[in-house]
């Protein structure tokens, strides 16, 4: 094990160990478990972040080309760690309130983070697959953790069934890609697709096999005419698998149900971290390995981006349940990011990375506010429950306003710059129509976000509405941090933008 | 001889898979799936993947499917009912599945060189080589799946344990 | 001597049958079994391609897919049991929220 | 693949199956006799000298009894389950080497086939054995059978883990999954007296293997699936006549198979002092093998005659909280020692 290997695995190892320690906290009393677990997991996440930052002095491929140490991976890993920290802190009181298993919750959240870190850094489809499964399995369980709530377990079931269905497609795509190129290593596939060389590394060949050379030749010749079709099928299947994870249309059907049924903090995490992880894998596979056939997949992306934005926004218009509304809004936001992806340029990728960071803060903030307003058992999640919230608890309403304005994309919030960079990147790549549709969509979206503001500030509270209790310390901290970050990025985007740019520039150019 | 064996096992696999669809009782579907897995294990043997064939039977047929059968028995699942939605799914899904089948098979059939043939014994099973390759070149995934298994254990306990 | 493409075609057929099962079956456990069938089909592709390249990576991939399938089965069946506890049914259509 | 090879293999299979069925029949007699003597009784004495023809009489009785198929059973599965149980039990013998490689016309006569993955084959076959019992329990459509079937499938998959892990120790020592190589690896001795048997370095592994093997075969003290005081007769409550006999047969075949595997893995297989003329030299290894297996069968019966039955939760706790960690620890220890020995 070299120093590079160690640096590459360190964040994941720290996360795993922390998760195991959290798991053992099931033995302590419930009263102390929650604060203990959140402290432990925060410490672990901080240590993992330190390890990620420590990685800066290394670069290259670790563990025999299966893990990549690069700025792109680091950016995503830091994002996942921050999301996990926010969600972990915010769910401290929630778990206690809802009587959920505390130690296991934190453990699974950290495991999921470890899996996502692995996905972001993987240079082998096998490792991407395993990382994807670690994060997905943990999310399935987290969604279903309110076991006595029928909605929770049903949404876990739906998420699980459709998720494993999509994974099977992803795997079939990987198999076909393996059939075309002879390797599952992203860099080897790239070398094959650009250079036409069979990607079987010399080390993989079994020395005693004289057939090997001829087979390699054969496959090369056999494929010259027809490789495109097989490759196209492989791309389409991998696309299906990943599109499910980022809930792109037409694979979005699970999203509203799952977000609605899931515990709200888990929904906050689902809408940010796993989506970002799927984007990381998406970008890495398509830009690194399949860059040579960008002409094929950019059309696919174009259509998906348009559909995802439009369907997400239009469906959100009819929602009265806030969790469902945020779910549809998250679909729409995935659509905006796909617009940037369609441009296939470094600017586009930068825009996605920037957007993911800003989106993480505003969306987690919004979800945590919703969690709090919902109250015990998560009963108050309808739009009517927010009537007059601006008078009942002005601070909470003000915070939610910031998040909503940012989700709309009003200047001085993170959302504005996010959208700005995305549409600029799209315009630069000549995607005029897609940009126009994107801007139109943002305008539609403003309507349903404003609806919430209208409810909060212009409607009279229902008489029976109980006053909203004070926010517990953990959640309050998280919401404050999220609001501050949303505004900060909106006023001074350069720091995050520079990091995103640095990460995106690492990717090979098309 | 090997052609015959291939066709026998391939037909068995497809037959069992169709039976999985046709059977109304989940336990018969489970038995059919075990049949598919056993047929595939035999095909793996013919492809020289001895280790994978054995693991297929041990893990898939012997552990995963036992779990399925166990759960079916535990929940005492009955014959599945046909409801309105399933008729709708049929009308919508059938053309989709046929399309997928046609596309995939024709694509795979046309695009792989026809002179690539499988001769029994051409690529003898190398269990030791798999081990060596697994521990040297794929050490990371091998170590990391342990997290996955841990997640599965925690999940199964959290979701299915009795209320305390 | 069987052409390699026969193995791959068989894999494609099994995969499509798995998809069909996922769409047509109404029982949760059977639905999940259809997914397992799809994974098995993919495994066959991997083993056949591994033979084609005379190289073991494909078989190692299958090994990992099996581990993942086992983990998935444990979690999936636990979820099914917890749904059954709340609903007392295994029919997809009766689980109202589950609009597949 | 040529015809003589096929014919020889078929012949070997027929001989092994025939010998095995006889041996199994006499295992029953052996068990009844030993248990009887442990309890100061005589056991079967009436049919033949020392009751030696008793097994024959039992077989005739079982075959000629009426075969009842209760109404309400899931017929196909109900009929297939006992066959499945017997077949999986018999299949194990396909890879067991009964003696050193002895060729006759180019074909090894003391082993049906020497697979590279012999050990994995045994594990995979025995992992299929659970279906016979689970499906029998389910298809009988009776609550006792169902509970028995559920218990047995849970028990068998639990103990399979410990069994598989304990075998890894032997594989680590041998470096091969072929049973013949496992035995060859145990030839020789330390200081001329202590044989090179795996049981000495792997005594923890052997303990885990044997205990989990007893559980796998559903024998006392782990015979909960058929605990008569709670479940009438467990999974085979509804079975009668020949179908019942097949479960009986499967159980005793499994016992024999487990004893054979234990002999091969931990007690040097056929190895033992070989002397005398050539004919004797050929036969002696078979005798050693037979004696070792017989000793194991005696231990089986001895345990049955001595120990009470576990409670179900005790059984699970024992498997998961004691046996599994122990087998894991043994595996880690063995691999550590091997790594130090051949460290490079």
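Each chain gets a letter, A, B, C and D, in the order it is written, and its residues are counted from 1.
By definition in this document, a residue touches a chain if its C-beta (ideal position, glycine included) is under 8 Å from a C-beta of that chain, and two chains touch if they have at least 3 such contacts.
Please read these numbers as outputs of a predicted model, since none were measured by experiment.
On a Cα centroid basis, the chain most remote from chain A in this structure is D.
Between chain A and chain D, the centres computed from C-alpha atoms are 51 Å apart.
For the pair chain A and chain C, the distance between mean C-alpha positions equals 25 Å. Spacing of chain A relative to chain B, judged by their CA centroids, is 30 angstrom. The distance from the centre of chain C to the centre of chain D, each centre being the mean of the chain's C-alpha atoms, comes to 33 Å. Looking at chain D, one finds that none of its residues touch two or more other chains. Multi-chain contact residues of chain A, defined as those touching 2 or more other chains: 126, 130, 133, 137, 140-141, 144, 147-148, 153, 156, 176, 179, 204, 206, 209, 211, 215, 219.
In chain B, the residues that reach two or more other chains under the touch definition are 51, 55, 63, 67, 72, 74, 104, 107-108, 112, 116, 122-123, 126, 129, 133, 138, 141, 145, 148, 151-152, 155, 158-159. In summary, the structure contains touching chain pairs A-B, A-C, B-C, B-D.
Per the touch definition, chain C reaches chain B in the complex via residues 1-21, 23-27, 29-30, 32-34, 36-37, 40, 43-44, 47-48, 50-52, 54, 56-57, 59-60, 62-64, 66-75, 77-82, 84, 90-94, 100. Those residues of chain A that touch chain B in the shared complex are 9, 12, 16, 20, 23, 62-64, 66-67, 101, 104, 107-108, 111, 114-115, 118, 124, 126-127, 130-131, 133-134, 137-138, 140-141, 144-145, 147-148, 153, 156, 176, 179, 203-204, 206, 209, 211, 215, 218-219, 221-223, 226-227, 229-230, 233. Looking at the complex, you find that chain D touches chain B at residues 1, 74, 77, 115-117, 120-121, 123-125, 127-128, 130-131, 134-135, 137-138, 146, 149-150, 153-154, 156-157, 160, 164, 175-177. Taken together, the chain B residues at the contact with chain A in this complex read 103-104, 107-108, 110-113, 115-116, 122-123, 126, 129, 133, 136-141, 144-145, 147-148, 150-152, 154-155, 157-159, 163. Taken together, the chain C residues at the contact with chain A in this complex read 8, 11, 15, 18, 22, 28, 31-32, 35, 38-39, 41-42, 45-46, 49, 52-58, 60-61, 64-65, 68, 71-72, 75-76, 79-80, 82-83, 85-87, 95, 97-100.
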